[in-house]
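The two complexes that follow have chain A in common; it is paired with chain B in the first and with chain C in the second.
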Partner chain A sequence: MDLKLDHHSEDRLTIVEVEGEIDVYTAPRLRELLIDLVNKGNFHLLVNMEKVDFLDSTGLGVLVGGLKRVRAHDGSLELVCTQERILKIFRITGLTKVFGIYASVEEAKEAHGRDK
Partner chain B sequence: MATVELTFSALPAHVRTARLVATAIARRTGVEESLLDEVRLAVGEACSRAVEAHRLHCPVEPIRIELRDDLGRFEVTVTDSAPSDELEQERELLRFDDPLGQLPDTLMTGFGIAVIVGLADDVQVYPSQKGMRIRMSWPAATNGLSPV
Partner chain C sequence: MTEHTEAPTVGMGGIRDVVSIRLPAVSAYLSVLRTATAGLAARLDFTLDEIEDLRIAVDEACAMLLTQAVPGTDLTAEFELTGQEMQVRVEVSTVGSSPPKRDEFAWMVLTALADDVDAVTDSPDRMAIVLRKRRGAARPA
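Showing the complex of A and B:
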């Protein structure tokens, strides 16, 4: 399956919907979207990965790159993910300590609201 | 021992094909369904790393992948032709406690190898000036589901 990307804003939070496979072939499109969002002043990003079938280290690199960009503007990049096969990759690489990972968009929005 | 060999140009689009072939053969070899995701990801990581290295050093050279049914093990070997000492040095420099402080290429190389090591049941990495060979294997049914 290819990669489908969409995004919308709710208050100060920009929710990025990702569906399909994030690998060495498709990750550049996600990278471009994150860069574009940051360049347009969206510094609080929530990436919903519930419909991601496959994620490799290239995808991890893109997410880490996005986090670095938003942090440069005192922003945040957090994830929604409950799929064990995807979470396992974050655990193996120690990135569960770097990203806020939530079980749902609603849960992430509530946490984001508390942090405002 | 039955072997399938695949060579492909160093293009990112072909990595998905390699993943699909490896997963299909793993299934036919009798690798448990619960391990197939790990096979898919580890093979994808090894091929992605090889593609990136070839694009940097030798873009016209093909990458080779061998898939082998060997005495109750499903064995995959990914071989590239890009000098890998430099990548090994970067891997040693990678600090997983500070991923935000890493250069993107170093980060992905280090993550890729870390993911393979974390997923494969048995992994050997052989770096050299002539290229890197990553061999990994998983348990499979001794008689497989059907010949590879």
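Showing the complex of A and C:
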């Protein structure tokens, strides 16, 4: 299983759809996409990880890097994730306190709308 | 799958249940090693959660080693299966060797998911990480 990436914008929010395995081999592609989106002025990112089968610390590093970039523009990077095996990695590293993590894209959009 | 086979234990007839895998020391092959890890852990009747922990732990150990591996060399993984435990030793060729940084995400994840982890950095041209996971050893997530 490779990594599939897609993205689309809704209002000011850019939703990044990630499917497959995020490891040291595939993570650079996600990093490039996040950098590209920020460089093009997309500062509010929502990464949907519901179809991610595997995530390791390299993927965490990419997400943290993306968060730093959007924060430099007063932006946000939040996640949609309900898979326990993925959430476990965020808990181990303490990153559940760093990222906003939502149960669905709809829930994240509602929260984002309230924060505007 | 309904077939059930008990993995042989060390000492049974003097057989060591050891599987060795040699792969190019490049990240593209890590998914292959993860799959092999899951298959071997299933042989020991690890739970799905334990298999997933091992898959991630082996991945993290290899990802740490690959940053120091000499280009064009191989990564070796040796899985030793006993009745209750799997020990995995992953090793690469290096030029010099530095211990893993303990504050890195990779080390945090690796040590949280495996029961024991040792980094072997006493050789100037080899570096290895040895991890062990026991079946049914409860650990806080």
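Note that in this section the second predicted complex is superposed on the first by the 116 of 116 C-alpha atoms of A that agree within 3 Å, B and C clash if a C-alpha of one lies under 4 Å from a C-alpha of the other, contacts with A are read in each partner's own complex, and residues count from 1 in each chain.
One rule holds for everything that comes next: a contact is a pair of C-beta atoms (placed from the backbone, for glycine too) under 8 Å apart; a residue touches a chain by one contact, two chains touch by 3 or more.
Keep in mind the model is a prediction, meaning the values are calculated, not measured.
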item: Clash-or-fit label for the pair chain B, chain C on chain A; value: clash
item: Contacts of A:89 with chain B and chain C, given as first, second, both or neither; value: both
item: Which superposed partner A:35 touches (first chain B, second chain C, both, neither); value: neither
item: Partner chain(s) touched by A:67 [first = chain B, second = chain C, both, neither]; value: first
item: Dominant contact partner of chain A by residue count, chain C or chain B; value: B
item: Touched partner set for A:98, first chain B, second chain C, both or neither; value: first
item: First, second, both or neither for A:5, with chain B first and chain C second; value: neither
item: Chain B and chain C contact sites that coincide on chain A, given as residue numbers; value: 21, 23-25, 54, 56-58, 60-61, 85, 88-89, 92-93
item: Chain A contact footprint on chain B (complex, rising order); value: 12-13, 15-16, 37, 40-41, 44-45, 48, 51-52, 96-97, 99-100, 102, 104, 107-108, 111-112, 114-115, 118-119
item: Interface residues, chain C side, partner chain A - complex; value: 27-28, 30-31, 34, 49, 52, 55-56, 59-60, 63, 66, 104-106, 108-109, 112-113, 141
item: Residues of chain A defined as touching chain C within the complex; value: 1, 21, 23-25, 54, 56-58, 60-61, 85, 88-89, 91-93
item: Residue ranges of chain A in contact with chain B within the complex; value: 21, 23-25, 54, 56-58, 60-61, 64-65, 67-68, 71, 85, 88-89, 92-95, 98
